[in-house]
């Protein structure tokens, strides 16, 4: 397939509103084996992914475990060196900046993590944790920092007088709020939230989701929201991308995607979600065969063809390109392409 | 016909540094033959401990059944000798766990782990046990069942391991299967496979199932009756439809309302304030009162009783 | 679903900070200390150590004798009211020498431990954090040192170098840091993947600062345990070197070299107290360090703290 | 598996090079040489010079090192300065004695440590557990030379149950009982430390294992405690213990220095001390190298064994 | 054993007088048979007298090999396999004849070829053993007939019989071996000699077993075998003596009280032909002052040191000559223990107590190191006692021990890095302490302390040239007197050697330097 990929770029907004644009991003982790521990192959954790996020928008990334959601997020924030591709943030290509050059960018992109237990340094009080970004960037005086920390705590619904407490004194939901507060300290433009509510109970999850929404309104934040819970994504996102084995399968406006999923994988995924409603008639459920293949040796052609109920021989050999099938609705599937 | 399992006023306490923690504080429920009952509730509400109490596998030292009866086919498991309990576990009552990754012994092959149950409880010959194991594995959807027998667990994916666990649990035709969050660790597509499988298995073997989960979606799909637990107590018990359509307890309300659904819109979610209390400081009065939006004075003072409001629909709330 | 929303009052209280209860207020150290104090053996060990440290610190007030003062007319006297633990082969008071020897033994133990832990921590931290080639080189170095039968090297080095406390300390430390390095590396390998470290990196924190202010404090538990157990094992190794005639030099007493002096069949036969008490002191002290170390290991277990 | 073993073997090469450089450096920098250790008015400096020349001690260090390594690669550990014969011969004559002692001690350690470690884990907080724990703590805290002296004094001198040294009685025909009789005390002294630590490792490893999910699974299957512990627990518990055992080799070698001195046991530990005293560099270097290789091999074996026991290890 | 002591005394190179000999109850007739296990601490190196340099090997070589001459109990050289017949007038040619019918262990006869062969070895340029200098005075050796040989010396040497007694090696076995390879020849671990005992078995690190040489020219030894068992250290030696793992052996005086209690052994004691001393380094200006040295001599309680370190088994020494020696004199300056006098002397020398009690002179504190080697408990204890006794008079001494190799390296030229040392000298045949105190021996020799005394230098040189026995003795006495007065060392003591041997062993003579002295006469009462 030699189609000009540029033309397939999702284009829903004028360039000026674009906060982040990811082009052909690849992240391959080497797999070492053998006598000399030579690199014998690569885990193609992210394999040619392109998308963009506009200012003030929330983009959701869904997909099964191991499909490369977190890797995408972490590569964007440059925790990983991208193997290839471009990450354009605020018009600047940050994909190959050095650690020093990244320092200023770092203030603009922040991350919220999944595990409320592992994401806070257990040896530091939350006050210190929240002040750290300031001290790294040498911002504000000591007093000012304190005030800001207290204000932030208040913002995320925690009592400012708890600054001197340690993370272990908080429940999971509260910790997640602290994690969000930390992401907010440097007043970032983009927040990458990697499964921020997956570890929480429903009632707590709702609290945190609401907080995300409130903060977005208040600070005009842009989110890249990673989750495997289709319900959560539906609730909070404007647009949703579906990933499978390191590739983006479908990306569209939320309603368009949920109401009319195009990609067979998206369809299967949606049908697999149990509905908390015993009244509806038992739906026809698409049960996918087998497991996700290993990302070390992803299937040739369309990576989904091994499990796809509609796969043809064409799918086994040809990699489908992203196409805009409906306005703003892109899908990488041969079914919708010629 | 009496129920397969009748739990009567079960109290399980933990003794921790001389403190007494009422992890399970007087629960009553029945499970009928062939029925699937779901136990839902937030983390720490005592779901797993209920299951372990039934299996008499409470962590020791520390956990202890202090009161109540667990009548399984009329026989009180609490009074049973350890020796007799060996015959019940894995045979009459089987259990599968949340973590398929760690619940299989990493150094024994799948075959060994399945056949050992058969040989132990059913006194099968090696060969017969093997054949039966192959049968079971096929039943849970392994095409190349013979091959799987010789594999070690680490070679299998999470979904495959959970299927092995189910095969293992079903190997002795248990009358009751306790599934403790069997799909929580799995992806939706795999979860769908497993749920499908559990439905199939419960029909095939005509077993009763206690399904422990906190995912209301799963409950709606699989269960016939639902028990909502909170802070070691049953707050509401109802047939599945009644519960979803007409939740009586504010806690149940809360749970349902705070769930973002793929059918829902992006309206603001309802959220239950606060956190689940820890057993060390359960409130006096209604245990949910501090988080309850509708709590009245009485709620903080006296503990409500579990009352049957409608046939089959019980609730523990002063307001109903 | 929408029905339910209607049933409910507005979720006004949801974000009210005051309504949110939080767990019992206990500082980290309090938890650790209280856990430590539940362990009877550890407490016994700690009490022993404190007593020993106090005793050796206040040695001049506890005994009228001087450690080097000989009394050739009172050689090898059995324990008595005057000499609580008897006297040695040149008539020195054994109790006194045990006190002063304890100073030396503990000093050697603590200083060698400090050096050893510092080297080990640095090597382990760098290897674990940076990984890749640096890790490979450092870890091969560790392997080299570990594969060396350390006692051989100790003997050779101590024999060949100028003797003296600092040599002993140096040599003991040089061949004791590898365990710590491996341990710290292991900790760093897991900790560097923890999300709070990633968070620190995304704020733009420098690697050095991440190593020292983010990761190291979290690896302190195992390091403290290693340090505690290390003091004990160093005291024991020093005594073994003394046994081979290579330990702390007389007349400076150390528990090890007191045993060396007592290492004669005749003394064993006729003056049992002479080899017995220094030996017991080594045993008790090492035991106490082990108890405390194990107690700390349990108390500092992060699995417990973080829950 | 072969590739795994090969890889481990390749990894040992830099280690061995490092070890050889380190042991050479230490010897090279050491003061004194075997020739100069004689104080004898009849031996003149020219004699010493002549002898140093013969021993190759006057070459520049890298030449000496390369020569030495070259010989080692050909399996030639050099010629003892003192005994004037191949180091290979000397080591081979003494090695069996050390091996016998080490094997006996490790068997002694394993045979006692594992069952008691398991018992004390499964009966946590019982009297047995406390006794085992106390014993193992004391075992780890007792300097082995002191233990050795005490045992000698009590069992050999006071009670006369065991001989006080040597590996067999001289001037009597070979008898296996006589050998065992001589072996017992040194075996206990050399093995006690490792027995104690092995016991503790077994105990804590077992305690760890019995909290695992798959043990819960085994219990849920209705197995008796014995099956649960020995069939499902033990093998898993042994996995970390095996690595520990590999790491214990150096302590055995180190301990042999002390034990062989105490019990006049003519093994390589005793040889080592003698050689250090006599500045017999070829022997010292050969022995350090040799025991380092032994340790490396021990670790290699432990790793391989580990890979065999633990199916999760992919090679 | 102490190698510091071995150095100066090649084992059969001594004359003098054994002070005491074991009183074998020689009432009964000697009996043949019996095996003796002799415990020895050191591990022998090579069993070839041309190459071995340790006492452990030397002792065993005494049993296996024999030479033309040997030492007797009085430490005099006496004929053994042969005898001196003639010395040329210029003293350069020594003719020796030896007896007929002396057999090697393999049955061959010992001939003049063997003698020529043996003495040619150290003269050969390829010879790489430690003995070359021993024979530097030998020009050549010639065979006169099968039983007569002639040694031709470069300079006259009254002590030649000592060297002439060097153990013989068999020419018929080693004759074809090139001298360069001799050192590594397998013969050295499977030797054949003409001595009373025949090599049987050597198990590395364990024992060397010797059996009676049936054809020994003085008659078959009574014992069937002697096994020299290597015990490794003194504790093991004593313990094995107790448990009967060894029958006989030397043990340190500290263990006397224990060995005394054993019923199955007797103890024999004899002064060793050696003395312990405390030496000054004259490079340290403190010690240039005679008064300071005298103060040291007064401050050190030498009897106490003997009592503590040797359990009283030794004699106080005042000079560098042994009571066993023919050159012994008691006309020596004696400094009795008197710390008061020591203080006075130091005060006279200008040393005043400082604020901390340590003496000070010209702003310098009197702080010194006592260097010694970690050799035995006794050595260590000596250091500690001296340290304490010096503290009494206001001198801060710090004992410092070094392992032997490092020790020698430190005190040897060119380093001379010490203040004071504790060491001991074994005494040689020649009582002239030339090697130790002559100023010419500073840069290469044993005068570690760099002691210079011109008068003494002249005297010692004169003794070397003096041929007249009486005048020689007189001069020697003068030397000893000066040394005991001038104190380059504080002479400490002459230690005793203790040997435990089975009660049924007869014929044992406790020789001060040859452990297996006339072992062919030893017999066990069955």
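First chain written, first letter: the chains are A, B, C, D and E, and each begins at residue 1.
The criterion applied here is as follows: contacts are C-beta pairs under 8 Å (C-beta built on N, C-alpha and C of every residue); 3 or more make two chains touch, one makes a residue touch a chain.
These numbers come from a predicted model, not from an experiment.
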Counting C-beta pairs in contact, which comes out ahead: A-C or C-E?
A-C
Among the chains here, which has the CA centroid at the largest distance from chain A's centroid?
E
For chain A and chain D, what's the span in angstrom between their mean Cα positions?
54
What is the distance in Å between the mean C-alpha positions of chain C and chain D?
24
Can you work out the whole-Å distance between the CA centroids of chain A and chain B?
33
What whole-Å value do you get for the distance between chain B and chain E if each is reduced to the mean of its CA atoms?
90
Residue numbers in chain D touching 2 or more other chains?
30-32, 149, 157, 261, 276-277
Multi-chain contacts only, two chains or more: what residues does chain B have there?
254, 256-257, 261, 263-264, 270-273, 275
Using the touch definition from the top, which residues of chain E touch two or more other chains?
235, 239, 242, 403, 405-406
Taking the touch rule as given, give the residues of chain D at its contact with chain C in the complex, in rising order.
11, 14-15, 18-19, 22-23, 26-27, 29-32, 137-138, 140-146, 149-150, 153, 157, 247, 250, 253-255, 257-258, 261, 272-273, 276-277, 284, 287-288, 291-292, 295-296, 299
For chain A, which residues count as touching chain B in their complex?
64-65, 171, 173-174, 201-207, 209-210, 213, 228-232, 234-236, 254, 258, 268-279, 285, 287-288, 291-292
Chain E residues within the chain D interface of the complex:
3-4, 7-8, 10, 35, 37, 43, 45-46, 51, 53-54, 128, 130, 132-134, 136, 183-184, 186, 188-189, 203-207, 209, 225, 227, 229-233, 235-236, 239-240, 242-243, 245, 403-406, 408-410, 412, 428, 435, 441, 444-446
Taking the complex as given, what residues does chain D use to touch chain B?
125, 212-214, 216-224, 227, 231-232, 235-236, 239, 309-312
Chain C residues within the chain E interface of the complex
68-70, 72, 75, 89-90, 158-160, 162-164, 245-246, 249-251, 260-261, 263-267, 269-270
